[in-house]
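Next, two complexes with chain A in common: one pairs it with chain B, the other with chain C.
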Partner chain A sequence: MSFSAILPPIPVALPLLTAALLGFGGKHTPRRLADAIAIAVATLVTCATIYLAIEAAHHPIVYWFGGWKLRSGVPLGIAFVVDEAGAILASTGGLLTTLALLFSLHYFDSVGALFHALMLIFLAGVCGFCLTGDLFNLFVWFELMSAAAFGLCAYKAEEPAPLQGAINFAVTNTIGAFFIVVGLALLYGRTGALNLAELGRAIGPTPDLLVVIAFFSLTLAFLVKGAIVPFHFWLADAHAVAPTPVCVLFSGIMVELGIFGIVRVHSAIFAGVLPVPGGLRDVFLVAGGITAVLGAVMAFAQRHLKRLLAYSTASHMGIALSAWALASPKGLAGGIAYLVGHGLTKAALFLSAGLVLHTLRDVDEIKLRGRGRSHPLVGAILALAALGLAGAPWGTLLGDSLLDDLAMKQHLHGFVIISWFAGIVTAAAALRAAGRIFLGFGAREPEAPDVGGIEGEAPETAPSPRRVPVPMLLAPIAALICGTLWNLWPPLRQSIANAAGQLADHAGYLARVLRGAQAESIAPHLAPPSWVHAVIPPLAALALAFLTLARSRLPFAMRRRAAGKLNIFWRPLRRLHSGHVGDQVAWLTFGAALFAVAFALLYR
Partner chain B sequence: MTLWFVPYLVAAWLFGWGLYGIVSSRNLVHLVLCLALLQTATYVLLMGIGWRAGGVAPVLVGTHPGQSVVDPIVQALMLTDIVVEATVMALLLAMAVQLYERLGTVDPACMRVLRG
Partner chain C sequence: MSDDRDELDPGARGRTILFFIGGVPLIGLLAAAMVQLPRSGAGHSLYGDLLVGAAVRERHVTDVVTAINFDYRGFDTLGEELILFASVMGVLLILRKSDEQPACDDREDERQTRRAPPTSEAVRALGLGMIGVTLTFGLYIITHGQLTPGGGFQGGVIVATAWVLLYLAGDARAYERATPKPVVEAFEAVGALAYALLGFAGLLAGLSFLANLLPLGPIATAHSGGTIALLSVATGREVAGGFVLLVTSFVEEALAERAGSS
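Here is the complex of A and B:
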């Protein structure tokens, strides 16, 4: 029995058991012991999933829990099917959890081990979601991840804002998860199966109303998690109030898994019966495009740094959704490269936002103008990570490059324009904040409208007037280094290609799970990233940020006209983001109806 | 009797009322209960799917071979679903209590700390 045959359950079993022990120990566990245990477990999970990713390079690893194997070709038990894409995303989750825990060494001195327990449960949910091969199991991991996320979001429960943000987050996402149950119930009623591969086989080749409704329900649930417009309202609220290390996980992996959920469910179950080319492609391209543009515009309008980064996450998820809609192995490869690259650079950004909060005791760009001059290193990390959003080599370079290349071949010039726009505008927003805080650029803006939304961000750490603690600095730097490796190291590019090949190979997945076939999927050939993408968008973002900050030097008439024009545009947009949970659910209903109409028209 | 569609109608009805309650709610406790109502739609849906004409409870002791039973798997799924949702409900209610202690209100319309 080889090592990889017993490894698949470890990434979920280990953190869950440790979390149970830490929760049991509760406040009696010494803080440093809890830190050490949690970081060790997160590191082990990362190593285990990386090992699984190496082992799964040729074909997925199938693990049947409790030895309930296939009986005459019919799955009876629950399986983990570890494919390359799932293992890569799980290891990203493990890595980000490790970094977030490292960063939070100096956080929350008053609490015991419960924070660590919640982080580990979240990690287990992420790994289970990525590795499972069973639809109901997928729902349970999804909900485990969500429930831990709700708790983590409301962790600073002594203030009202985190509670309100967490309630918005929990209500909208629970309604989203409702749709997974509807989808899986319908599929089970039709086929009597819950295993993804068995479902893919039993569902047959011809789409009918029930299949379309099931696909619609499952997709809707993941779109809510993936913060696609108009389901994105919870995202900014949750990110703005969650502790910064938690934001790293939310933006770095949780939202990404929303997009990955669509890909997983579609590639395993629906690829044969509802292929993406055709009308479906346009629906997702339009939804992704609107999300990318709206997210970028909203990010640019923020002054609260964490909220700014949250909207930028929504924007990038729009691009990732479109990547999947490009419907080819290369598009999937670009999507995976984009998701992980974005996760790493966004993690670095949130970690540097945490550093800003630690050193300057606030994250409001306007209030902090020029106050960061004494912390040039923090400013440099923030600016570097921001460039990653536009496609610098530690960010979304590989994803941008692959996707733009493919979109040009498919004559989708609109996609290319939107992806450049989203990258440049979101990066410029973060760079503008960095320039204002750490260089004191830009005019004083006492009259600036209060757009951040939160009155005062309470610091999360005890003040340390001396230097920034080394682990807090190491974490974002490590994220940037991993991002660079991800984009430029050829062996990793090969595993992205393998992952995309496996995801695109619906028949191969079924054969592997249901017959144990050994055939290898055809991996697309991926060109190395083009340097055009590494240089031009980051420079454009720098220029845009500089222009925004130098606005006060522009002639007065021109400035006022521009401001007036933009306000007509921005004010209603801001009013839409009211932070009222009822409004958010109303938008969710509206969006669901919109998607339902689109699906109904497509599959009349 | 062909009343097979009744559970599906009831599920849709519960879902609709739950959603309406959440959107229009002026009280967080009411809102959380509406969310619970919405969740019960899935339980009814699952039960409806597992139903078999003439089926008995899936306890096989003492039944003769060939006896039709309702599907036990959906019942297991439903139980898991209930456990998961109970966790979320408890968490939400705890947050509502905390929020009341901080703000002195449970009306979502009065909580405007996050906007824009």
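Here is the complex of A and C:
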């Protein structure tokens, strides 16, 4: 029996076992022991999933739990189908969990090992979600990930704001998850199957309303998780209140898995009956485009650093959703490159935000103006990571490059414009914050607009005398190094190509699971990233940030007029993002209806 | 009336309108899709038929649902058990402030004059009498899942109910003494731990994760089903511990608040 034949359950089972062990000690587990165990397990999971990614490069691994395989051609038990894309995303989750745990070594307010146990349970949920080949099992890991995430989000429960943010997060995401059950029930009622491949075979070639609504229901949960407009409201509230290491996981992998969930479910079940090019493409391109633009604008309007980064995440998820809608293996490759590249650079950004909170005791850009001058290294990391959002080589470079190239070939100039806009504006927003905090640029503006939402940010760490602890600095630097490798190292580019080839190969997936076939999927050829993307958007972002900070030098009349015009624009946006959970649910219902009606009309 | 509400919450009307604009077509489409499902009993499920046919023969169990939960799809149950585990941990995290600083609420002082009446003798006698019965019933459900409807999840909740009866029949202080939190925490964690370890046992035996290892035993006896019974007991332990822990946390929170206000 080869190693890869026993490895698939480990990334899920090992962290769960460890979490139960840490729970056994409860509050009495020594802090440093919990740190050591949790970091060791997260590292092991990362290594295991990287090994799986290497093994699955050409032949995805099918693993049957309990030894229950096919019986008369029908899957009896639960399968893990470890393909390249799933393994890559799971290893990203493992890496980010390791970095987040490393960063939280210096957090003072830790209730024994509860924090560590929840982080590991979250990681197990991420891995299970990425690797499973069974629809109900997918739901179980999705829920496990959410349950751990709600607890982690409310971690700083001594204050009222974290509770409110966590409630918004829990309510909207639970409504989303409920729709997975609806979709699952519809599909099971029709086909009597739960295995993804078996569903893909049993669902038949003709779309009717049941199939369309089932697809809609499954998608809705993932759209909520992926923070697509108008389901994005929870994102900023959750990120603003969650501890920084938790934000790393939220923005670095959880939201990405929302987009991946749509791709997985579609590629395994619906690719034959609801092909993307027929209609779905336009719906998702429009939704993605609106999300990318609104997210970028909202990010630019924030002064609370974590909230700013959260809106930028929504913007980037809009681009990732559009990437999938481009409906080609190359688009999928661009999407995977984009998701992971964004995850790594965003992790570095949140870790730098955590460093800002640690050294300066706040994350309000306006209040902190010029106060970061004594911490140039923190400022440099923040600015570098910010450039990654615009396509610097440690961020979304490869994804941007592949996607723009493909969109130009498909004559989707709008997509290219929006993706440049999103990258430049979100990066400029973070750069502006870095310039103001660490260089003291820009005028003093006590009444600068802060658009909407829950306020307040309490320090998470005990102040350290003068020097920043080394692990806290190492974590974001490691994320940036991994990001650079991801974008530039050719073997990884080949992995991305393999992953995209497998995801695009619906028939191959079915054959592998249902007949044990060893068919190899055709991987698209991916060109190395173009240097245009590595240079021009980051420079543009720098220029935009500088202009924003220097606008106090503009003639007074010009500023007045601009401010008046912008207010018409800000006021409704501010009212929209009220942070009221009722508003969020109303928008969720309204948005869900829009998607449902659009799908139903497309496949009448 | 509605004017008052609008003043308190200016977004209320817009929100309601938006909700209905979306909700009505959404429910319509969901209903239209559900109408297309096969009628109850008319549909056939290859998967369901296969499992129903195989469970008794292959697993020597007479409750097919338990065979599915703890064997054919036992990996789902591991995840579900941990969802409960994580949720309870989340509640413990959120309520942890009651451990350190009792919350102070000025309004509580006013309410002091309206104390809850002491538990009546009838409730006390009935509650204490029910505890033993409930506990026995819960343990029976946990351990006989492979024979009759039931299993760890259902039985675990019933066992936890016995503890709630203790709270109802006695009082909060007595309850707190009878359930030391660290012990309950450890009790719960062992349930989750045992499930995961039984999964690994399959791997170590050179089989799949969560593969059934033990002799299946004769049909319709308490020791039939092999690993199924053990997994069911592990789940029961986790569920009972989890629910007791939840109740305990809320009782502690209430006690801390009372202490803070007096």
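Here is the rule we go by: the second predicted complex is superposed on the first by the 594 of 604 C-alpha atoms of A that agree within 3 Å, B and C clash if a C-alpha of one lies under 4 Å from a C-alpha of the other, contacts with A are read in each partner's own complex, and residues count from 1 in each chain.
Here, a residue touches a chain if its C-beta (ideal position, glycine included) is under 8 Å from a C-beta of that chain, and two chains touch if they have at least 3 such contacts.
Keep in mind that this is a model prediction, so the values were computed, not measured.
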Determine, under the contact definition given at the top, whether A:74 touches first (chain B), second (chain C), both, or neither.
second
Taking the superposition on A as described, I'd like to know which of chain B and chain C A:9 touches: first, second, both or neither. second
Inset, instruction - May I ask you to decide whether A:128 touches chain B, chain C, both, or neither, giving the answer as first, second, both or neither? - result: second
Max touched-residue count on chain A (chain B vs chain C) belongs to chain C
First, second, both or neither for A:23, with chain B first and chain C second: second
After the superposition on A, what does A:252 contact: first (chain B), second (chain C), both or neither? neither
With both complexes overlaid on chain A, does A:501 touch chain B (first), chain C (second), both or neither? neither
| task | With the two complexes superposed on chain A, say which partner A:60 touches: chain B (first), chain C (second), both, or neither. | result | neither
Mind working out whether A:334 is in touch with chain B, chain C, both or neither, as first, second, both or neither?
neither
Quick one: is A:151 in contact with chain B, with chain C, with both, or with neither? Answer first, second, both or neither. both
Overlap of the chain B and chain C interfaces on chain A comprises residues 136, 140, 143-144, 147, 150-151, 154, 157-158, 163, 182, 186, 188-189, 194, 578, 580, 582, 585-586, 589
Within the complex, chain C is touched by chain A residues 1, 6, 9, 13, 16-17, 19-21, 23-24, 26-28, 63-68, 71-72, 74-78, 111, 114-115, 117-118, 121, 124-125, 128, 136-137, 140-141, 143-144, 147-148, 150-152, 154-155, 157-158, 163, 182, 186, 188-190, 192-194, 198, 208-210, 212-214, 216-217, 575, 578, 580, 582-583, 585-587, 589-594, 596-597, 600
Interface with chain A, chain C side, in the complex: residues 11-12, 15-16, 18-19, 21-26, 29-30, 32-34, 36-38, 43-48, 50-51, 54, 71-76, 78-80, 82-83, 85-87, 89-97, 181-182, 185-186, 188-190, 192-193, 196-197, 199-200, 202-203, 206-212
Counting only contacts in the complex, chain A reaches chain B at residues 136, 140, 143-144, 146-147, 150-151, 154, 157-161, 163-168, 170-171, 174-175, 178, 181-182, 184-186, 188-189, 194, 236-237, 240-241, 301-302, 307, 450-455, 574, 577-582, 585-586, 589
Interface with chain A, chain B side, in the complex: residues 15, 19, 22-25, 28, 31, 35, 38-39, 41-42, 45-46, 49, 73-74, 77, 80-81, 84-85, 87-88, 91-92, 95-96, 98-99, 102-103, 108-109, 111-116
